Amino acid sequence: MSGVALPLSFFVPLLTALVVFVIGVRRAYGVILLGALTTLAVALYVAYAVAVGGPQVHYLGGWEPPLGVELYADGLSALMLAMTALVGAGVTLYAGPYLRGKGHDGERFWPLWLVQWATLNGTFLSADLFNLYVMLELLTLTAAPLAAMAGDRPSLAAAMRYLLLALLGSMAYLLGVALLYGGTGTLHLREAGELAGAEPYTAVAAALMTAGLFAKAAVFPLHIWLMPAHSNAPAPASAALSALVAKAGLYLVLRLWLWTFPALLSAPMGWLIGGLGAVAVVYGSVQALRQPRLKQVIAYSTIAQLGYLLLLLPLVALPAAAVSAWHGVVLHALAHGFAKAGAFLAAGNMIYCLGHDRLEGLRGVTPYLSVTLLALGLAFVSLMGLPPSGGFLAKWLLLEGALAAGQWFWGGVVLLGGLIAAAYSFRVLALAHAEVPHGYAEIRSPRRLPPAMEWAPLALVLLAYGMLLGGVPILELLDQGAPEGVR
Amino acid sequence: MSLDAVHELLPLWALLASVITAVVIFALRDHRQRQRTFWNLFGASVKLVLVLLMLHGVMLGHSYEVVYPVLPGVTLLLTVDALALLFAFLSAVLWLVTTVYAVAYLEHSGQRARFFGFFSLCVAATFGIALAGNLFTFFLFYELLTLATWPLVVHRGHPAALAAGRTYLAYTLGGGVALLTGVVAVQAALGDVAFSAGGIPAFSDWAEAEPFQATAVLALMLAGVGVKAALVPLHRWLPVAMVAPAPVSALLHAVAVVKAGAFGVVRILQDVAGPEVAQTLGVAPVLVALAAVTILYGSVRALAQTDLKRRLAFSTVSQVSYITLGVALGGPLALLGGLVHLVHQGLMKITLFFCAGYYAETRGIHRIDELDGIGPRMPWISAAFTVGALGMIGLPPVAGFISKWYLGLGALEQGQTWLLGVLVLSTLLNAAYFLPVLRRIWMLPEPAGRPEVPPERASRWLLYPALFTAAAALLAGLLAAWDVSPLGWAQRIVEQEYPAP
Amino acid sequence: MTLLETLTVILVSVGGLFFLTGTIGLLRFPSSFSRLHALTKADNVGLGFIACGLALQAESVWVAMKILLVWGVALIAATVSAHLIARFTLRAAGGSRRTPP
Amino acid sequence: MTEWAFDALLAGGLLGLAWQIVASRVLFRSVVLFIVFGLLMAVTWARLHAPDLALAEAAIGAGITGALLLSAYRAFLSRRGTDPGPPPVFPRWAAVGVAALVGALVGGIGWVVVGLEPPEQTAGREALAHLAISGVENPVTAVLLNFRSIDTLSEVVVLFVAFLAARVVAQDLAHAGPGDWLRASRNEPVLVQPLIAFIAPMTVLAAGYLLWSGEHQPGGAFQAGAVLAALGVLLRLTGRLRPTSEPSLAERLSLVGGVVLFSAIGLAGAGVASAVLAYPEGWEYELILLVETALTIAIALPLVLLFSGSGGLRREVR
Amino acid sequence: MTQAAFFSLVAGALSGIAIYGLITQRHLLRRILAVNVLGNSVFLLLVALARRDPDYVDPVPHAMVLTGIVIAVSATAFALVLARRYYSETGLTHLPEDEE
């Protein structure tokens, strides 16, 4: 029956969202928590099933591809699913008190977030190109309102820009799907790749789909919307958007290139995409250095951190680097998910307590935000890739892959990105250590944090550190169903 | 878990002793001072006991090894050999002492939970560096050390401290990148290789096959650890970091950071590359030259300082390079000199910093010209300072003499006679910047109008650690011939590195 | 060509002619009212002719009825929309005080 | 030959309209021409043997989208003159270049793919081969409600989410929606009431017919839902329905009912049939009809609410 | 040239026009229109593909397009609401060029 867990991970949060919508948040808080916990349990069960029994398959409606839609969980899906579930559980626990503290019960937030969770799970599990298109649209339509929730000028503009770019991106993606279907007669992720080979039209399809997904994932030239969108959303929404939604787009990019278009993976293509990633790494980090607000720093750091994921493509074609780079990139996605969600939630605590997130406000807050600051500090350590965090393991593997294949350039990008990340991280952390300036008067006494809000960020961040102990099982899980080249 | 298994995992327990202490202290609220002090001392004592147990075990010929696979082909490896224990024991002892001192020193400042938490973490990292059995583990703890010490450096939070923190990070993280590159390159070329006395065999094969790459990798790794070892021109962070509270300076200079760097040089030259390979690749001679330059440069700069702590800082720059010099020279005698200096310099320099902190805390004395006539008024602490200073100069019977003696012998053994000149010159310079201080303390009359401050009760706990370490420095020199003296232990290490033919 | 087909061609052509006239009227007439006049009258008649012509070609009486129903519904919609447009134009021209026709 | 002429005329119309939509000086013209464009697209679908799409396009693409666009256009008019609108920052020749490139790429590659030897085995052939056991006779319905029903389920969720999303950014009720419902009801043209009295039952009938006939001929839940939504738009415009800020329980239930029922039947499929979203053998037709009925409402209601720009609707008591 | 091939070329031309509009026009309403035109061009290509085999009409692209049309109207509806809100908050009908 393990196959049923795959559709359940889509349906459980979806139905929870619908129930919450019908009976209202005030009466449904228990339902929300129950739904989140059930989803977490289902996701962990899927991971367990994959780890024990290899890739899991469920044919929806009982129709096998190419006729029907297949849900497919291999190691990669299982890991993303589990990461999403853990981050999602943290966000869910956090959002309740956060929204209450902001003076409303989140009537608008909860259904959107729960549907988004369902969609993320669907995205990670679906093996059907067109079903993925629908999922992508659902992601866009849940992400844009979350980004616009603040309702002020920058966030509305950002949401609008995001929406337009994302719609454009979906069209490009759909066009690619159309071409692939025209050429192969199937919409199945792997079958299409096997049937298509390296034809000119496949190359165009790959380019279109990649570009479309880049617009959704804020990869470098299409990144403008991300910072204002992610930095103005409510903290739990920012966490979900940065840690999960943007990553879902890149997950699909990697999934497509490794499963559908491996035949097209040539050196120039790798350099082009990897180059974009490298630019994103440097650009995002440098911008993060210049921001006056904490959430802006964290949002720019997302642009940079997502860039690392693209470094896989130039490396994976080289046999000496492939396995390490693949492992490193996936670990990076996981570690970044935990750390980034934790960082945004920590920033939310700062807003909750101080009413703003200007970096200067970090002076002298240590006594009452110590747990939060610890979480923030640990999150930054993982983001810059220093031990003993999961981010470090990822960076180590990426670097090992790059150096083993003699690709010093990509290794240099990884190191440089880490250094600039350290610069912006310590800029923030230094302010937390700085003394209170003379004549500084507390404008309002800081509020006391509810326990769920105090500990949720730390718990999420610590997961990134737990990866140091779980590296081997995680990578063994990842190897379940991985393509030949990266096993 | 059987008792044997528990025993086998001793290195892990000892490491956890500091980590758990750190976590507990983080969790305590700031005003829980008694509890915090208890946990601090408890953690430090437990750890010392565990290290002593391991010491006993190693003397009986037992070897400890804790392996945990972190990634496929990458393991976290803690091994306890004689060299590891040398450093581990030093850090365990000095941690206990410094904790006592720091508790007294920071009696009234804010943010003590944070401070002592990172303090413990810092020791955990140092301990990890000592016990690291391969490059991955070494790097992991090496960077953790950077992270754990930064909050201590910026602890006071004023602009100077923050600026110092920036400089510190710029150097150490830059060094970390170099080290990481080197370490990963070794991993990529050779896989997961453990340290082995006299050099990793695979590394020497690699060095033969790819001399250029091996040289570059070795140079990168040494540059990485060279930052923390304060080798010229990578030393600038060390004097700047003097803004930190005195116990931190003591820790940075004597136990943790610079020692980690120096220890890294030892590990990389002796147990990764091996002295011969380092010599053939041309890395060791360059390092010798750099160390010689650093020794003289540090001393010259120390001469010009009027601030006591800054003078001590430049003295550290100079003194730590003795260790590098000894290791880079190669040959058993020079290595012996370097290794034993690792301990001796720690004991002496921590004494000096304890004293400087004591002066600053009780009398507000920061500059050297304010020390006039303080000796007769505060005889005990000044005596401790004197022991430390004389040891630094290298006067027998204080421990510093032993180090310099073996270094000199080593230089002769390797036929590098010119280094004797460096050592003599350095000793003269040491004398030139320490003797005037001693003269001021003991000989010059006390200026009129110095306020009469009775030493407070707390300050007694500032005094005892200094006396203890001064006594230890003296004893290390006097009892050098004893089997478990630093020298005796270093000899044991050298026998492993250069097995008798 | 059978008789029915001929009839269809004639009817549809006439319908097309009406549409053409209506469209020319729409483009050429000066005011909203006169344009409306051209459109509603000409197009409704044109649609009627075309519907009749197509109904002759239908497979069954049911289909023919449906086609005629389309014409009927279109007539109603045209009536109401023309009425609304005219009313709006009247008001926009300042004639709001006058009683609606 | 006539066929070619017709296609050419159609293509010319599409291209000309598209050009006017994106480049015309007057925004209103663009909006109106977009509706015409939708109608021409519907004709094109019919020409390409896609009658289901023709129906859907006419009802949704041209009808509902047109209504939405017009009402948005009206909102943009309300504060005219505050924003002169900057000139395009991109040089025009570059835009032309990029556009030509994209056009050539899409057209060229499309042409190449269309010209490829069609694959032997396609999902479409499979669908036709399995049509007999799908429970319905219209292959498009079979694909939508049986073979790839997850897509349909998800797209109804998309509609629901669009409604939720609009609620997040929607303004106060005072600004919301097209027209002022009070004025319309007070001083109404005489012909409106009879029209509605006639149209409303007709529309419901038509929607029901479309829904039922979707099983064997063009039509189905989407088309039916869109027609119902059109009725809702009409009632809203004429003030028969007034906006409320939050949906009532009945509205909430109808909004989610389709998805819930579909999911429930789908999940039950794991027990009583082979897989999730599988129908038990012999029950395909009945269940599909049931699901489609629920979906029709779940499609119509969010569309009306999106047009209305409100959380809910209430009957206006006059 | 078959009918399918002809309409795939038309789809190309439509997408070019839409892209041109997206680049040159900055009014939000027009951009939304252009995206819709682009969507229609993609749908047209899909339906043309479904039509190319002489012996059958492929229902799968039709189902895809039907889904696509509903998604397009949903997205358009939300985009319009968002654009209106943006306009009423800022008085602007276009997006600011840079957020830096």
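In order of appearance the chains are A, B, C, D and E, and numbering begins at 1 in each one.
In this text, a contact is a pair of C-beta atoms (placed from the backbone, for glycine too) under 8 Å apart; a residue touches a chain by one contact, two chains touch by 3 or more.
Bear in mind the structure is a predicted one, so any value in this text is a computation, not a measurement.
Colleague: Between subunit D and subunit E, which partner chains are common?
Modeller: Touches both subunit D and subunit E: A.
Colleague: Among the other chains, which touch subunit B and subunit C together?
Modeller: In this structure, no chain contacts subunit C and also subunit B.
Colleague: For this structure, which two chains share the highest number of contact pairs?
Modeller: Highest contact count among chain pairs: D-E.
Colleague: Where centres are the averaged C-alpha coordinates, which chain has the largest centre distance to subunit D?
Modeller: B
Colleague: Going by average Cα coordinates, which chain is farthest removed from subunit C?
Modeller: Of all the other chains, the one whose centre lies farthest from subunit C is B.
Colleague: Roughly how far is subunit C from subunit D, centre to centre by C-alpha average, rounded to an integer in Å?
Modeller: 27
Colleague: Could you tell me the distance, in whole angstrom, between the mean C-alpha positions of subunit A and subunit B?
Modeller: So the centre of subunit A lies 42 Å away from the centre of subunit B.
Colleague: Return the distance between the CA-based centres of subunit C and subunit E, expressed in whole Å.
Modeller: Computed from C-alpha means, the inter-chain centre distance equals 32 Å.
Colleague: Which residues of subunit D are in contact with two or more other chains?
Modeller: Residues 105-106, 110, 113-114, 118, 122-125, 127, 148, 151, 155, 158, 161-162, 165-166, 169 of subunit D touch two or more partner chains.
Colleague: Could you list the positions in subunit A whose residues touch two or more of the other chains?
Modeller: Where subunit A meets two or more other chains at a single residue, that happens at 130, 134, 137, 141, 144-145, 148, 151, 156, 159, 175, 181-182, 187.
Colleague: State which pairs of chains touch, listing all of them.
Modeller: All chain pairs meeting the touch criterion are A-B, A-D, A-E, C-D, D-E.
Colleague: Taking the complex as given, what residues does subunit A use to touch subunit D?
Modeller: 3-4, 7-8, 11, 14-15, 18, 21-22, 58-63, 65-69, 108, 111-112, 115, 122, 128, 130-131, 134-135, 137-138, 141-142, 144-146, 148-149, 151, 156, 159, 175, 179, 181-187, 195, 200-201, 204
Colleague: Show me the residue ranges of subunit A that touch subunit B in the complex, using the header's touch definition.
Modeller: 327, 366-367, 370, 374, 381, 386-388, 392-393, 396-397, 399-401, 403-404, 411, 415, 418-419, 422, 426, 430, 433-435, 468-469, 471-472, 475
Colleague: Under the stated contact criterion, what part of subunit D meets subunit A in this complex?
Modeller: Its residues touching subunit A are 105-106, 109-110, 112-114, 116, 118-127, 130, 146-151, 154-155, 157-158, 160-162, 164-169, 249, 252-253, 255-256, 259-260, 263, 266-267, 269-270, 273-279.
Colleague: Where on subunit D does subunit E make contact in their complex?
Modeller: 3, 7, 11, 14-15, 18-19, 21-23, 27, 30-31, 34, 37, 41, 44-45, 47-50, 52-53, 56-57, 60-61, 64-65, 68-69, 71-73, 75-76, 79, 82-83, 85-86, 88-90, 92, 94-96, 98-100, 102-108, 110-111, 113-115, 118, 122-125, 127-128, 139-140, 142-144, 148, 151-152, 155-156, 158-159, 161-162, 165-166, 169-171, 175, 222, 299, 302-303, 306-307, 309
Colleague: Considering the complex alone, what residue numbers of subunit D touch subunit C?
Modeller: Residues of subunit D touching subunit C: 189-192, 195, 198-199, 202.
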